[in-house]
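What follows is a pair of complexes built around chain A, which joins chain B in one and chain C in the other.
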Partner chain A sequence: MLRWLAKRIVAAALVVFIVTSLVFVVTHVFTDPATVSLPLEASEEQRDQRRAALGLDRPIGVQYWDFVSGMVVGDFGESFWQSQPASELVFERVPATLRLVAGAAVVTVLLAAPLGMLAAWFQRRFADHAVMGFSMAAISAPPFWIGYLLIIIFAVQLGWVPTFGSDGWRSLILPSFAVGLASAGRLTQMTRRGIVEELRKPYSVTAMSRGFSRSYTIVHHTFRNIASGFVTMTGWELTRMFTGYTVVIEVVFAWPGVGRLAVHAIENRDLILVQAAVVVLATMVVVTNLLVDIARRMIDPRVELL
Partner chain B sequence: MNSASTQQTDTGQRLLEVKNLTVGFPTRDGVVLGTDGLTLNVGSHERLGVVGESGSGKSVMGLAILGMVLPPGRIMGGSIRWRGEDMLDRSVANRVRGREIAMIFQDPMVSLNPLKTVGAQLRELLRHRAGLEGSAVKRRSIELLDMVGIANPQDRLKSYAFELSGGMRQRVMIATALACEPLLLIADEPTTGLDVTIQDQVLALLHDLSTELGVSVLMITHDLGVVAQFCDRVQVMYAGRIVERAPIAAMFADPQHPYSMGLLQSVPRVDLHRSELAAIPGEPLDRANFPPGCAFEPRCGEAREICRDAPPLLTQFADRRWVACYNRDPDHTSGHTMTETL
Partner chain C sequence: MTATHDSAEPAPVVGHPPDMPETADISNDSETAEGKVSALADLRSHLRRSPAGIAGITICSLFAAAAIIGPWLPFLPDPSQQSLPDKLTPPVGWGGTWAHPLGTDQLGRDIAARLVDGARISLLVSVAAVIIAAILGTALGLVAGYIGGRLDTLIISAADVQMAFPGVLAGLILVAAFGPSVWLVIIVIAISSWMVFTRVGRSLVFTLKTSLFVEASELAGASSRRVMWRHLLPNLFSSLITLSVLELAAAILAESAFAFLGFGVQPPRSSWGLMIQQGRNYITNGWWIVTFAGLAISLVVLGVNLLSQWLQSFNDVAEREQIILERPGS
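Moving on to the complex of A and B:
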């Protein structure tokens, strides 16, 4: 187990390194940070000055080494826009994004697991159709629209929770649902399908032939056998959240996370900050995947993951 | 013509009475019948074999007895009585299932939960279904594994199914089936998929246990060898119906139904030197296109006009011997006898 874990961690670090390199290629080879950061009407002279100030006039290999070695110690360079270290700006936003994704993950799992089991239990009956209709709607609706809908209903009309910002857990509720609903929908469908399939397998039939009820069999036998797939899918959904949903929803709810920072950085043509945000988001994705692999291994004794 | 209700199995008290059981599966081409007016009885301390080819409705019958017809299939007619109680009553079935009637299945490789240890699966049964608590659970688990001939039962409690051989898995399955001390064990092809030597061991184990514990066994199989080795009585099933019923010796010495004869002739035997095995001509039945008459008629060498009109009834023609065939039916040859109303 330890050897395996060590291997996984090395592999994860390698992925982060590759992502970092790709980011460098995009920002330094295909684009010129100096040009992007200056107004369009800036003169060639001003650009050269900016290049020299940023060290962009040095050979590309040297720049790459600087970039990577800086990354290792958490130095992403200075933001043009905010004139402070990009790392500070990004790192202070990380907890907010993690909180949002954690909230969304809770929404996803707590909706998908019971609803999926419920639908499978009541297969082809009203509850099943209702759950499947709901999850289809959750999948089809764009998250930003769900976000506005939730704000209008629960914040503006009913006044139960704040419309935006991040004061305490109450303000976390709506963004969590906005981020998590689509994932919950997909995961509900996958859970239902998995359980219906597993219920036909001999071990489920055996469990029921021993006198365990259908509901007991679903909860105690069948669900465990799709748990591995469930965790894998949840991992994918978390990945989607980090790289997509949170960005949109953080903007909708004025949530002070990394995604919203990245959007502002792009608006302000601050490539250094974009770079830092992308690398940090990618790292969170890689860490999520690592955690998923560990969880799968703990669930299924047969899994000998590479 | 209602002598069926007074017919006695000769081995004591009657446990299970299935009468006229019809299980149907709706399909695009109409309802396919899994069993069609099936009748059988199992007495206490009895080993009854039900033999038939795949698709003859044997497995459907086993699950139907436990009230476990998988949707969209459903029981369309008939009755199942367990010690006088109606098994079609859900509350009766829920009480009896797994406690008084337990079932073991065809494929031990996949019939145990792959993610639970042997001990966890036994524990769950003993707690929830047998009502044991505390240290009694573990003691009984070890006792059960020991009973089915598993060495080092204490250690095996921690094993997962994938760590056991096929024979061991089937032994564990038998242990879980016996956990609640059932009166009847339904064994659906319990040796199919096992090595031949292991098949014999498992069969011998089942035989010994049923004798020692006084458990009746309903052995569902396609293998006449298993029936010969294991059962007291046998019923031959074709297309969801029983075509012949006889004590084991009589069946092998003197089969009456043309299908039974065909089955027996297609068994390889070491005591007879035959260059070729006889095969039953024709195709196994297409279950969606049921002939109105005897289901075996299209493949039968003795078929007559009457066979095409209506299915023959299962009729008693000698002591403990029943057959459903117009060519053997005394009603059509020598006047009045007892006929089971189906």
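Moving on to the complex of A and C:
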């Protein structure tokens, strides 16, 4: 187990390193932060001045070394837009993004597990079709649109929850649903499919022939057997949230997270801040994948050794 | 006995492993004209039994038609024609008139016309991205699976890193570096989807590599390029087309997200995601802008999802037989 863990951690670190290097290639070889920060009509002299001020006129190898060694200690350079270290700006936004993803994860799991079981229980009957219809709608609608619909209905029309911002748990409800619904839809379908498949297997048939009801068998026997797949898929959904859904949903709800910071940084042509935000988000994805692998290993020791 | 069984049965004769039923149809069909007819009939009879499949195809065709012939539809006004006195007219049923059935936006432009106009960009971008991803990903998957060795290790590691570094992040960094553009969005979506084709293609090639028809052509002296092009690729088609449809749904959603963030099409051009971005300041006094634009995205993605689910169930022979068994008489 320890050797396996060590291997996984090294592999994860390697992915972060490769991603960091790719980011460097895009932001320093194909263009550079100075050029991006200046308007298009800026003269070559102005650009050279800005480049020199940022140390971008040094050999590319030296810059790469600085970039990577800076990343290791959490130094991402200084943001033009906010004139503040980029790392400070990004790190102070991390908790908000984590809160949003946690809320969405709760929504996802609490919807998907019972709904999937319900659909499998009533296979090919009304409840099944209703649940499957709901999950199909959830995976087909763009999350940011779901966000606006929720705002129109629950914040504007009914006035139950605040429209945007992030004070208190009440403002977390709508964004969590907006982020989590699509994931819940996919996970519900997967849960139903898994359970329906497992119900044909001898152990389920035996359980039911011994007189256990279909629902009891599903909850106590079948669901446990797809738990490993359920955890893996939930992990997958978490990584999707970190990189896709949270970015747009943070914009919709003016949520002070890393994704919204990245979008604002792009609008303000602050390449240094964008690369800091992207590297931090990518690291969160890699760490999530690692945690999911560990959880899977603990649930189902048969998971192959890397 | 139904048509389904007829076409699936001769599979072992040509040497397909029995556990690869979905690829069996195509290889037989490419041999004889008779097989082709039965595969189409098979597809049709399967479709007739699947209301979801019919709905999917109908929705997809309607949107495709709107995207293609939209500008020549006689009853639609010019999508970019502004008319400030008519701004924020509600849709029919909420106090609007048939002049603007779905209402108008903040500049008095007709929503219906803008939706049809937006379909072009939204669908064009996502279809182009999926085609690029499918060609690139399949080629890499074929090479990785068939040639193997170091090349395989390299390609599959790249696919793994790509899996861990999802496309949206690549999109953020590329847009930050090069500025927003439609081409960039196409590239970003293609980047975030090629590895799916590589992985599936590679694993299919692994199972096909040891089949008799591949070994026979190798013994007959066929070059690896010929084996990949003439023998392996045709056997991947049905799986890859199913996969492309699935990826198309993701691509349409990704395109709308990028357009919404302002990273794709720039005004005055229009796309569904951009309509939502522009309409978001009017959700209190003009809810229809955001609602209809999002409805258009959801509907087309729903159509694509239904189509993909139906294709998957068609490819999955076990499920196909279950449907046949459970619905006798058809």
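Simple rule for what comes next: the second predicted complex is superposed on the first by the 305 of 306 C-alpha atoms of A that agree within 3 Å, B and C clash if a C-alpha of one lies under 4 Å from a C-alpha of the other, contacts with A are read in each partner's own complex, and residues count from 1 in each chain.
Simple rule for what comes next: contacts are C-beta pairs under 8 Å (C-beta built on N, C-alpha and C of every residue); 3 or more make two chains touch, one makes a residue touch a chain.
Note that the structure is predicted; figures quoted are calculated from it, not measured.
S.K.: Could you say whether A:Val15 touches chain B, chain C, both of them, or neither, answering first, second, both or neither?
M.R.: Only chain C is touched by A:Val15; chain B is not.
S.K.: Quick one: classify A:Val280 as touching chain B (first), chain C (second), both or neither.
M.R.: In the superposition, A:Val280 touches no partner, neither chain B nor chain C.
S.K.: Quick check on the superposed pair: does A:Leu174 touch chain B, chain C, both, or neither? Answer first, second, both or neither.
M.R.: In the superposed model, A:Leu174 contacts neither chain B nor chain C.
S.K.: Look at A:Ile152 in the shared chain and tell me whether it touches chain B only, chain C only, both, or neither; answer first, second, both or neither.
M.R.: second
S.K.: Applying the document's definition of touch, where does A:Ala184 land relative to chain B and chain C: first, second, both, or neither?
M.R.: So A:Ala184 meets neither chain B nor chain C here.
S.K.: Is chain A touched at more residues by chain B or by chain C?
M.R.: C
S.K.: Would you sort A:His221 into first (chain B), second (chain C), both or neither based on which partner it touches?
M.R.: It touches chain B, and chain C stays clear.
S.K.: Could you pull out which chain B residues touch chain A in their complex?
M.R.: Contact set of chain B toward chain A: 63, 66, 68, 70-71, 94, 97-99, 102-103, 105-107, 110-116, 124-125, 128-129, 160, 162, 173, 176-177, 179-180.
S.K.: Provide the residue numbers of chain C that touch chain A in the complex, in ascending order.
M.R.: Result: residues 160-161, 164-169, 172-178, 249, 253-254, 256-257, 260-263, 273, 276, 280, 283-284, 287, 290-291, 293-294, 297-299, 301-302, 305-306 of chain C touch chain A.
S.K.: Note which residues of chain A are touching chain C in the complex, please.
M.R.: 15, 18-19, 22-23, 26-27, 30-31, 36, 136-137, 139-145, 148-149, 151-152, 156, 239-240, 243-244, 247-248, 251-252, 262-263, 265-267, 269, 271, 274-275, 277-278, 281-282, 285-286, 289
S.K.: Which residues of chain A touch chain B once you look at their complex with the stated criterion?
M.R.: My answer: residues 123-124, 200-203, 205-213, 216, 220-221, 224-225, 299-302.
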